[in-house]
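Below is one structure, written out as structure tokens; comments come after it.
Chain nomenclature is as follows: A, B, C and D, assigned in order of appearance, with residue numbering initiated at 1 for each chain independently.
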């Protein structure tokens, strides 16, 4: 697969993924954030407030997984996004995670808000597409973890870390109420593929 | 952000934004109009009757904010749009407005007509995307001003001016019944981002 | 408007319009047909059975308006479409018609089949977008003519001719039940703009 | 039609079709598979696990129709997809089949799961678009065969072969519950056209 996003320079690949997702309406305004692991201790993440259809490879900040502090930036105007804390939680929880992608869609938002107020997960539909999350079962019953949305993003990150360190999720994804999905993978290409799969599953739920 | 629309020549940038919105189905036929401020007293706006997917930078008219009269055109065939009066109202009301974008979508039209006949606003959904309009609250209750559609556009503009000078709106956008949204921002890129945010919010409302 | 479809060679322009409409899903398979007037007595129309996303300017037949017979073709494999008879009816009825475009969409099909079995028209929604069909009224009540679908297309064409010569339609468009819309205009660009407007109006109806 | 997919190198044409379908959301993640007949006894099929928007012409495996075993690959990393068995069944059943395309869409999935648990087919809507499957009748009643989804794909293939050798289908397509459509044609271009037609018909069903 020489065309894979994984053969590109990581930040250039994120620019391409951001343009792709923006064109689908999955990163409206300046919403969402995309990251790739740089090394064992840090990752590059899209800077705060940038329109995702028009990034360049300076619109990123390198962040320490431990402590979630900025380590490096290229464009002096790049600012650390508050949502970096969720990416930190993902990279800390999952040693093999090489990329983490967060997007907002109307369908995912709708599904998350249609769930009962006390729900802590959404049942994914047992359709063939779920194999894209490595679920190989006849009529699988798989839960997608659902978290409450809080104004202070680090508190969401803390909830994710607490819940997933107690009980690792079956699928590499999570949903925040009214806020959209966060998906991770060993590589950027794998995370990208999985975002499509999760959005397909939630779009199916939204319409049924 | 060197890729921002704001680094382009303003009319060339509007041509690009028009092509983008047209491709999404947000400027069907020759509908909608887009403007950028030229100086303290005037703005460039798309000429009347042009298909928005195929503009060139002559398809604009420069309009005086005060009095809403034509000051300049490049293509002699360019004609002043009746809807310029709404843009004039926006630039008069908001000294920092640098761009104003008006589009028609099926979802926004549907939401505006689903509102009760006596409604003067639509409640935006308290979802994460609303942060794209600079609303930073837990469970915000924010109203989007709703105006009646009138055949004589200057009367709509007058209603906007009257209402917003008495009570400035919380969000930089307004909805006209059966007609679509108008959104403004300090720069074209910011207005563009906000159109996406408002359409996401209304699309969410339309489906729930 | 130097970018208008009208400044292109007419067949090249139809190739571009076909690619555009196909990309939107409005010309699935080999469905739909597009024509431009060649002279007072004839028009060029897309040949039968060609995938509309991949036409070239040989995929057309020139047809006599009177009698609806083939006059000329460039590619010897191009075959006359049965639906040419509807285009003949339009050019005969409307002397100023310079282009005629017929597409199939899920929304238009749905609206046409949701109408009562005895209906001979569909009421267009009185929304701002209707101005794109040159209806300038407050709260207009405008009917879009609805025709029955018949296996023998010339019988549909005859019904159109009979009805519209008795009573010209208010809008330059018609709907065939289960079959889609046909729209015309003085120029190709105008017909193209109007297709977008009609589809917006029907899409609005389909969702309400 | 010099622009037809059929004039391209078969694998290059599949790369283009895969990119096209992926962009529509019909091949989310790495889902779906596309094949073209190589000779009387074998076909080229997309390799397992590749993202369909970013294939190159090494991402294919050549498979023997008889026995469904791999004959050839170009990229050593290309792996045979389990779903090749369904393609084998199609090429064995239909001697004139030159291409076979399988995609997953939200609408097709929804229609397949809305059908009663005991249904073995879905009635296609009697709309004009059905002519794209060579059904030329007034108000046709045509069934699209529906198969159960099974974790062991060769068992699905066996069910297809058994049913269709007893009773050939009226339309060159089948639906697997919760899994999507498989469509074939004499050429790649014809199969591509028919996928669009089948998806249009199912999308119409999904919305009514």
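Here is the rule we go by: a contact is a pair of C-beta atoms (placed from the backbone, for glycine too) under 8 Å apart; a residue touches a chain by one contact, two chains touch by 3 or more.
Everything numeric here is computed off the predicted structure, so don't read it as measured data.
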Given chain A and chain D, the chains that contact each of them: none
Chain C onto chain D, rotation angle from CA fit, given as a multiple of 5 degrees: 90
Same or different residue numbers at the chain A/chain B copy interface, by half rule: different
Geometric centre distance via CA averages, chain C-chain B, whole Å: 31
Centroid spacing, where centroids are CA-atom means, of chain B and chain D in whole angstrom: 44
Residues within chain C bordering two or more other chains: none
Chain C contact footprint on chain D (complex, rising order): 1-5, 24, 125-129, 131-132, 136-138, 189, 192-194, 196-197, 199-200, 203-204, 207-208
Residues of chain A that touch chain B when the two form their complex: 25, 28-31, 50-51, 54-56, 58-59, 75, 77, 104, 106, 109-110, 113, 149-151, 176, 178-180, 206
